[in-house]
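Chain lettering (A, B and C) follows the sequence in which the chains are written, and residue indices restart at 1 in each chain.
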């Protein structure tokens, strides 16, 4: 047999992941209202490697590499392999945490996070795009997060510009107090050497005895190559425990305004999304998720008249395995 | 040292794989009869991640991700990273098993499997292409397998069409009784929106006191863009234990008929392959495999006259490590 | 919970890696003397899988797969995924070791190795390119290493040519005696069917009570498509322990001669590099590395007059985590 690696070494690295595949019957409204049946990922399936090391009392080093894949084809999801996460960092109880590498952006990590969406951002029912048009991950990133102080944490960081991309910067504040959990984030993304966009996001949950209520708001400005556009996204949701499972409801409204150019709405897309679903855990790690959705998608002429206005329901049932 | 991850978590995921590299001296008969010496993979080298979770008595969840690579260059073997396997599933003792994702096709998994070929499908000696021209893996797959009932199991599934590919469907039957193990599979592959092909395969092994006998048969119809073609593949083999090792023999015959178009044999390729080898285990997981082969490859003119007729021997010795 | 995999199986494969990210302020002298600030890898960040298996007393099998990535973007570093290492092998105490697959070349593995450079080849301070213009890894490789005999080891191997690449071959000698550690390597790389280049490298370290001294020399001949060129590289360095850390100094001189063609120096690049740094370990596996560098880069006209002559300092501080 293979020589036993000492236990202490073997446990340095934790392999983790979530794989989710389901049957989906839903239209692609950007093309038509005709529903298509397919086997598809209910979420971003992923596998990753992470570890932490105790350096001294109250001081840790940590690292993380995460890869996303498409379970329906086996293909890597993004143009780069470790697109989702690739970082190292130090975590001091006293001074806070600093991390470097390919990072999630502040709006994505702290307000667009899974804890602020009823479906945790997964399944056809989930309300995606909660951070308006902000960039979801940063290359060349450095981010600092303060220690918690009476439930309050702050963070700030940047993404160094490189080649044809300008630097980005951002910050966030989180506050937790009893049933309330709120987060505010801001970032300015360098899209190219001449072009930037800014986004403010606000998200919160409130725990009632019978349900968890969730809401997010995001607004991006200076969107598009002419910096003319704005995108606003609002979501509300609820998670209602029922027996061993949970009923989940999520609603999203996204509104674009003059993305292409001033007084030109031909690139604008407005979306309304309603998702209702049932999360049925088979264990702490494995679940079956059934969701129904109803979406409306509108596009516009340059002058602002409705160009297309498509609506339709969707259904999905999927199996999710976490490890 | 890195903080110890609790044992229960560390053992969630099993990393597994087989790596096989050898020295090979053999011709590429599609080009010439001249033998080429090279260092090459004796099989599809691979690394994967898998796990199972007990959900309840008689009910398990499982997942699997598998990647193939070329040990001679370090390159990923296929166009997508997790080309070989990417699935999740549920396994009920009472109701059977269902799996979703990027799956092996029925002919590949249940009749073209390694247990029906003398070399387990590996090394220069092995008879490849045992499932005629059927597709070996399905995107967007769902497959159901029944519980075993007196040695009998059945399964059926489909691959949802997407984009320019039509849906595929298939089924299989397996039967095991004492020294006999047989399997039958059928599938219809959607190659494009206008084009499909069908394949029937039959495979079996019979265990004698002195040897294991193996045989497969496969026939694909509606092959080629004009659906004019047929391909038939026959293999027979034996594994004969000798001392601590095993002598292995495998013979394959593949015959094409009018693949390109009716009354046009210019795309047809007929192959005869003989492989003889010795499998020398160094442990349960590591082995040295020495094989010799003799191949004949014929191509045809449109009218059916022989265009090329090339033959030649090959030799290979390789080291295989499983983990 | 996921079913526990038996401990013996779970420990078959060791996941290992080094991830290193830092803040860098340095010029790209091939473009200009202007320094650029960025977040970048301080070394080749990597993750790999390896294992050994005891086959018999004094006999082991081993394997290794290693992937390099860019922590600043999450991208795979090389054109193929397992570019750095993909091999299997047998290791006999009595007869030596043989390995097959995608291998490091002799000059890279045995004389350009991390133990012969003050910064272990990492950080902005390190002297790269220590093996002149030899190829650093071989496809289709086979390599044999003898057992040690009074501190002496020898090795030899080849890379089988394939497609448009000619075969390569090489050998090395290592000798260790008390404070002295020296290695000599030679290889001839088949770059194409018509073109080869040869390289000789010599490297050594000497351990004094107060410091470790390091030096390497490499000379490539028959460089360039016309085989007209030569490249010589010299490095010297020292590691001086101070308190819990180490001061490191590395100097490199690289000189090109008529790489493009006889009497044509227009492709030649001469480089002088000085690196000084401090290695501050936070644990055996995690460290902070601060380095300063000063580089000079000269290019030439065909006739040999100076075309560009650029110089400048650089600074880097990085966090490195090994696992």
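In the analysis below, a contact is a pair of C-beta atoms (placed from the backbone, for glycine too) under 8 Å apart; a residue touches a chain by one contact, two chains touch by 3 or more.
Treat the numbers as computed from the prediction; the structure is a model and nothing was measured.
When the CA atoms of subunit A are superposed on subunit C, the rotation angle comes to 120 degrees, reported as a multiple of 5. Homomeric contact subunit A/subunit B: same residue numbering on both sides for under half of the interface positions. The distance from the centre of subunit A to the centre of subunit B, each centre being the mean of the chain's C-alpha atoms, comes to 39 Å. In subunit B, the residues that touch at least two other chains are 1-2, 7, 10, 12-13, 15, 51, 53, 81, 283, 285, 323.
Only residues 1-2, 7-8, 10-15, 17, 19-23, 36-40, 45, 47, 51-54, 60, 69-76, 81, 282-283, 285-286, 318-321, 323 of subunit A touch subunit B when the two sit together in their complex. Across the complex, subunit C is touched by residues 1-5, 7, 9-10, 12-13, 15, 49, 51, 53, 55-56, 59, 61-63, 65, 80-90, 100-102, 139-142, 159-160, 162, 283-285, 323 of subunit A.
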